[in-house]
Amino acid sequence: MVPTQYYLLVSAALFCIGLAGFVSRRNLFIVFMSIELMLNGVNLSFLAFSRHIGSLDGHVFTFLVIALAAAEAAIGLAIVILIFKNAGATAASDALSVDNYQSLKH
Amino acid sequence: MHPAFFYILATVSVLAALGMIFQRHPLSAAVYLVVCFLGLAGLYAMLSAPLLAILQILVYAGAIMALVVFVIMLLNVRDEDLPHEPHMYWHLGGGLALGAALFVVLSKAIHKVPGEAAPTADLVARYGEQVGGAPKFGGIEAVGLHLFNQFVFPFEIISILLTVAVVGVVVLAKRRI
Amino acid sequence: MLAYAPLFPFFLLTAVALIAMLMSALVEDGAKVGWFTAAGLTGVGVLAVNQWASNDGPHRLLSDAVTIDGFSYFFYLLFCIIGVVSTVMAIPYLDREQAQRGEYYALLAFALTGMFVMVSSDDLMTLFLGLETMSLAVYVMVGWRRHVLRSNEAVLKYFFLGSLAAAIFLYGIALIYGSAGTTNLVDIASLLHTPALNMNPVFVLGSLMVLAAVGFKVAAFPFHMWAPDVYEGAPTPVTAFMATAVKAAAFALAVRVGLALFSVGQLHEIGQAVVWHLAILTMFVGNVFALVQKNMKRMLAYSSIAHTGYLLVGIAALPDADAGAAIMFYLVAYAFTNLGALACVAFLAGREERVENIEDYAGIAWRYPLVGLGMAICMFSLIGFPPTAGFFGKYYLFIAAMKANLAPLVVVAVINSILSVYYYLRVIVTMYMVPPSGAVDPAESHIPGPTRAVIVYASIAVVWAGIGTANITAFLPGAAPLITSAKDSMKSLMSKPKPESERTTTTGER
Amino acid sequence: MSFLLSLLIFLPLLAGLAILFFGDEDEQGFARWGSLVVAIANGLLSIGLLAGAERVAGGIQLASFEEKRPWIDALGIQYFLRTDGMSTFLIILATACTAIAIAASWRIVSEKARIYYGCMLLLSGGMIGVLAAADLFCFYVFWEVMLIPAFFLIGVFGGEQRRPAVIKFVIYTMVGSLLMLIGITYVGWQHFVLRGSWTFAIDALYGLPFRDGIAMWPFLTFLAAFGIKAALFPLHTWLPAAYSQAPMPVTFLLSAVMAKLGIYGLLRVALPIFPEAAQVAMPVLAALATAGVVYAAFVALAQEDARLVVAYASISHLGVILLGVFSLTHQAVAGSVFHMVGHAVTTGALFLLVGFMAERRGSTLIADWGGAAKTVPVFATFFMLFMLAAVGLPGLTAFIGEFMIFLGAFKQHATATAIAATSIIFGAAYMLWWYQRTMFGPVQHDGVARMADLNMREGALLMPLVLAIIGLGVFPQPMLSAIAPSTAAYLKHFGVAADPAPTVSPTKVGPPAHGAVTHGEAGDAAPAEHSTQGIH
Amino acid sequence: MQSTALVSLIPLFPLVGAIVLGLVALFSSHREVGPDKGLVGFLACLGPIMSCIVATMLFADLRTNPQGFVHVAFTWFSVGSLHVPAEFWVDRLSGVMIMIVTFVGSLIHIYSVGYMQHERGFTRFFAYLNLFTFSMLVLVLAKNLPLMFLGWEGVGACSYLLIGYYFTETEKAQAANKAFIVNRIGDLGFLIGMFVLFWYLGTKGVWTVDFATIRENAHLITPAMAGVIGILLFVGACGKSAQIPLHVWLADAMAGPTPVSALIHAATMVTAGVYMVARMAALYNLAPSTSHVIAIVGMTTAIMAATIAITQHNIKKVLAYSTVSQLGYMFAAVGAGAYSAGVFHLFTHAFFKALLFLGAGAVIHAMHHEEEMDNYGGLWKKLPFTATTMLIGCVAIAGIPPLAGFFSKDAILFAQWQQGWYWLWGVGLFTSFLTAFYMFRMWFLTFLGTPRDHHAYDGAHEGPAVMNVPLAILAAGTLVVGFLGLPEAMGGSKFAAWLAPAVGAHAHLPADLSGKALEAATYGLHQTEYLLAAFAILGAVAGITLAFLRYGGQATPVFGRARGLFALFQNRYFFDHINDAVFVRGSIDFLGWGFRHVVDRWIIDGPIRGLPTLYYKFSDTVRVMQSGAVRTYAYAMLLGTLAILFVVMSGWSLLRF
């Protein structure tokens, strides 16, 4: 049987890759997907722990997180659409870039 | 299941995840992500979580990612619309270094997770046995019972949350109100 | 059915939110939804007060997921008040900005729903879901002015960073779950007395990640950077809502989580050390950055960060009950103050929020005496000037910190208060003592009734919450009744009876 | 009349708020008459504090007015007011000065009258509150409440440079008072630790056994607050800025009453709560006070603006009072309390006159004056009287205080006192020189030649001050007797015993049995029965 | 010691007068025509005359009651051990003083009614003058030091007011300032002396500021401490009585109207220092070295002022320096322990110097306020009465027997000799020669020769009777009062015997002598006394002769610029120049300016203004960290999280890193 720790390591790796994607990419979609990746990493942890201690709580949590992720995805994509439409009118080329939105600063 | 499945699925997931963040075009990234999610579904299954494995495929890889892809398509993102990322690899390197540092900390801690996973026998003893010898643990019945017994309140909250999301999306994305 | 009676305020609130949502689809005029929501929230508040008065100890319901105690009621009431005030504030604002839609109020009510969950749950996962409900609703509210790119930018930043924080929070929950075998805070707290868990690095890691995520929500350094941008870009009533309700909810969460995770043994040491440093850094960052701000909302955002720093002093003084009570009082005081200040800002900004720079406020107190006075009172409260509520809040915090042997933190907080005088005073000086430059385009010479009401009542509350005493009036909470009830609430939070259900906690093999 | 103190505080506070909100903007009618009536009524009420005074062994025991209500039970904070010999006269002073200041504002404020008069009353209420508070927390609240109206009065109605001045004023004061907040918190907590309960009642905090060495820090926080308010050198630089920019009636009120509150705070709070730390610090503090006395005198000498001359003179005189406060003798402390009133009426009167000057000439620059005694003889007469009072002429009120302070302080800080006492020279120098350049000499400016003399209103305003200056200079004893029991009680905190009674004059004056310059043989010649006479 | 309320009446009369006149002056200040001058003059003279009557009554009683009378009017102030009643005391010393003050004061009041007839501030002048009389009476009647200080400063303030009476002239106003401020320097010494005395006696268990009690307990004071206290009090006396180095104000004080100079700056106020030292005789007796210092200062002042006086052209300045010089004599006397001699000189000086000043006033009045002797000459014909009375004064001050000045000065010189301070005697003798010279120089320049300003000369005329009568009375006094203080050789001084209960007898011979030895010693003493008197008379005659030779016959004496030593004299030993350069300019231009512009603005306020600037600059610099980029924020969050994790996990050794 595969030790729980291995699952957890995979989970941690996914989480960290998600983080790396979040901080290093400009593309709004990819940043967004990085978050999804992180949530999935967490889910794996939940399930691994769940299995580890033989409790079903983790399953429920995962279930909830998937629902949450769906909601977040909806909102997030709505925001992306909104901003793409608004910004696209002025500077189409960078409307999808996170770095394009820096007017609020200092 | 054989441990080899784990290694295969784990490798696929991690590589797909890495592949996702290295893609220039969001569509291909989305495809990588779907692959990653599928791999994860496999791992879920290995963790005696068949229900979640199915949900992962249906909801995550299916619905959510479909939504993402749909939006990308809807916005008609062409190559020239993509952000100009001159030093993407450098940035990724930095991000990965950060991630690696975190990973080191996490792995050191994970290393200290005590003991082993609960034996299947225990689970069977506690949650009963399905047809075919698998424990009911992780099955739709057990999870459902658990959800509606212990977690009915969170369940209600999540429904409110989804309502909020619906209202929010309508407000944000509707063309003209 | 009666067993669920303590949940009635929550149910009622949800009902209000849903009805508001439905109304907004059916009713043409969004303002009506707003008034309905305000009335509904008032009803929720009244109900909560009634139940609070007859509260006979913590009620643990729904498989221990919900604990309704004095602490919850305290915040229910606070949220209802803030909800009503920010609703009323938003009605004329949205009219002016021509963005009057009923959904706004529905979302506001939904956000409050999430907050209710946050303050009355003992389960990390439920807390988290409450937090997310609130956050999602607030994201949308921040982006309310859809055609304004700055508003879009604010929501973009808030959403992405908020999601990141949520992921971190969630990972923390996962680690805690894995190491403790449960996410129930009461259970964890009792388990923490075993050194096995107290010293478990996985658990510590999880707790710290939760702490970081909470740090994001309360805008503590170094997780504060979203706050100025979002506060500035958001519609002003939303800024007010965020600075008050969201912050209060986040601190309620912090108190709950802190009490459970960081109050025992080595973890207490760790938590205190981390919060100690974060508090100092947060205070300094807030005050140093606020000084040079030209935009009023942005200045208030940094000031809000500074106040987070002061509140963190209280968090560092946990698990002393006085510290908790001080935080609660501070939140109330800060809420009234910020509502008043931002109501003034919202009015003065004029259409499309063109007038937001402090220098544009020159001489404005003479054109709008009420606004000037209200703003001045709020600024004095933010400085911490008696007899305003802001002073009492700070004072209780200092007392609590002294009691917890955190005198250095008190000194730093005082130094920061001195630093803060500069920029708060500048607002008053500009309003009262600088001749008008003529740059201000008076959008309206008439202050809308709701705005006027908000300014007046917030100002009165700011003063009254300072000087009101129990023996002058029993029914309006001033400083004395407020702190007493906050203390009682903290006591009820901290003296948990045994869980009703005998759910065994699986701790897993060590 | 147990609510007399509350009445004294809240009458002006509530009336001030009422005027602030419901007063008229331009007409001035309600605002100024209303505030004047309230201020006079309050002044009359405050005289009620003298009711019930009794003659006792050590002097006159004033009836103690006390009022205690729970405020914030959770921390033992009370709404607790009490008066004694130290505070009673200062309260009367505050009420009287408020009335005078409001009456003196008649022509100065033309618009925004409601703000002005409302703030005046609020300021007055806050000051009376500070003086009456017997709970440290109450004390702090009133202490800060004063600042807000003062801030607006200076910032809105002040002169050209009002904004920097008012910001300096507020920042300085806030720095002090926030530091004091740490101290207050600390002593309350220490009471909790050492005595097991929360309280901020000032007399309960006396005599707390602080750990060795630690008490100096909280003491310094209090010292910062009170030292700034009382313009203790080198914390004084806010004062000239604020005093010279504020409208003169406000400056009058600030100098006459508010500056005294710092000294009062030292006497009431800072020194007796930390007697050991205070005694360690006293030589240094006395040296600072002395430095301030001399320093400010020299700076005053070099000023070209009458407002600044008086402002620095005020710092110099405050230094004298502080020197008395930092000396633990009956004479010095009683002298300080007395001189607070004495200094208030003299410096206050000078500020009022400077205000009248500004009204008449439109300038307080000394160079714009000269020879005015010829055109405005009545003005010059009042001015002369106040000026002589300010230089400490015996028979006028300031002398009594200064004399007792110097005498008392001399025992403890001989060198410092000797240096500080040079202020009688420098004080005379800058005052006389100022007077000479303003009032004497030939008339050189048209503005001076056409000036109107004091009118009846102004004369009536100055009369109470004149009466106080002369009356308290000639008959200070009733007031001193009433102060004495309180100062004796105060000195007990430092372990200073009551003074022995003065040696009475011998019943007969015999011829001194000395020879010529008899080189120290006098001792033998003196009758033996005199040698121990009068020693008790 | 009897108690009588009459004592308190003495200062009360002039006080009431001052208040009434002051109010009249205040309320009539804008009237074109002032109140009736006759009435005002009457009111003004009433107070001092009433006081004089009461004083005379008490004085008469003093013959039988050497202890004097005490009246406690009320308790002035009293805290702890310090008890200061408003307690007035007439004993034989203060009895003499009140007689001088009220009698001479009354005369000068009367004289002033004439002299000030045409002045605008007539009422104001008398209000001040009455106030002065009150203060002076409080000074001399006070039974304790603080109360004396009240009078002490009160006379100073009145002097200030009266010197500055012609306030429209800047120089006169400045002279007033100078008088007050220089006096204040002395007052500082007085105050500190008082403090030392109070606390020192306190350590001995005696808590007092009362003169009588101090005298009773003076033996408790060690000589060293008595010396310190004595010197400090003497500093006060220096200020008030214009002794070196605080003498600079008196000559400038002549800016006031001449009656003021007569009353305040000759007869009464300036002698307060001598009076005070005599009052504290018990103390000074304990401190011989301090007494010696006083004598030296006194004699130095005497000769220095005399040398200055010989070069002055202004008639009042001559008299002013003469006053300084005579005051120096008095201090030399009290320094030598001859208190009665000092007070006797004070007494006689009050007469003849008041006479001289009033005479000078009459001359000035006649010459239309011309004070320079350069423009006088030959006035003998126009002003015979004035010239005669002034001649009496001059003879008296020059020390020609049997006029007042001779006896008093002789006693002083003899006291020096007796103390063995022969060189002080020599200086005194020389000063006496100079005195005779400059006084007659003044007289000759004024009244002899030919008129140098014919215009003024033609208009000159004798003053009204109201001015002449006081002159006559004073002249008569000058002629006779000397006999009260006959030398030991000529039967002994009644004056000294009178004062003995108050200041102690001045023993001329060792007390343990008897029989033959006593006779021999007494004989020797008397021979010495005669011899010394002869020297003094010789010196005086020489001075008068020299003055006559130099100025008597010449029609137009030469007033050239003085050279050499005389330049030093004429420039008043450059005291004013040095004071102005060092102290006045030093405190205003150097310390005042420096403190104001450098210390206050930069050293104290600089950091206070600098910190906010620094805060602002810092804030402005770090704000760029808020870049506005989401990724920056995310980095900050993650690095923060990582930092916390690293620090905690390694710090608490939860992980092995």
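We just call them A, B, C, D and E in the order they show up, numbering each chain from 1.
Here is the rule we go by: a residue touches a chain if its C-beta (ideal position, glycine included) is under 8 Å from a C-beta of that chain, and two chains touch if they have at least 3 such contacts.
All of these numbers come straight from a predicted model, not from anything done at the bench.
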item: Contacts common to subunit C and subunit E (chain labels); value: A, B, D
item: Graph separation of subunit B and subunit C (steps between touching chains); value: 1
item: Which of A-C and D-E has more C-beta contact pairs; value: D-E
item: Central chain of the complex, centres being mean CA coordinates; value: D
item: Chain centre separation (subunit C, subunit D; CA means) in Å; value: 45
item: Subunit A and subunit D, separation of their C-alpha mean positions in angstrom; value: 67
item: Distance between the centres, which are taken as Cα means, of subunit D and subunit B, whole angstrom; value: 74
item: Rounded Å distance, subunit A centre to subunit E centre (Cα mean); value: 97
item: Numbers and ranges of subunit C residues touching at least 2 other chains; value: 125, 129, 132, 136, 139-140, 143, 146, 156-157, 160, 164, 175, 178, 201, 204-205, 228-229, 422, 508
item: Residue numbers of subunit D (touch at least two other chains); value: 171
item: Sequence positions of subunit A contacting 2 or more other chains; value: 8, 15, 18-19, 22-24, 26, 31-32, 48, 52-54, 57, 60, 64, 68, 71-72, 75, 79, 82, 98-99, 101-105
item: Chain-level touch network, classified as line, ring, star, complete or other; value: other
item: Chains that touch, pairwise; value: A-B, A-C, A-E, B-C, B-E, C-D, C-E, D-E
item: Residues on subunit D engaged by subunit E in the complex (per definition of touch); value: 171, 234, 236-237, 295, 298-303, 329-331, 334-335, 371, 373-374, 377-378, 381, 384, 388, 393-395, 399-400, 403-404, 406-407, 410-411, 417-418, 421-422, 424-426, 428-429, 432-433, 436, 439-443, 453, 474-477, 480-481, 483-484, 487, 498-520, 522-526, 530-535
item: Contacting residues of subunit B [partner subunit C, same complex]; value: 105-106, 108-110, 112-116, 118, 149-154, 157-158, 160-161, 163-165, 167-168, 170-172, 177
item: Subunit A-facing residues of subunit E, complex; value: 623-624, 626-631, 634-635, 638
item: Complex contacts: residues of subunit E adjacent to subunit B; value: 635, 638-639, 641-642, 645-646, 649, 655-657
item: Contact footprint of subunit C on subunit D as seen in their complex; value: 69-75, 79, 112, 137, 140-141, 144-145, 147-148, 151-152, 155-156, 162-163, 166-167, 170-171, 174-175, 178-179, 181-182, 185-186, 188-189, 192
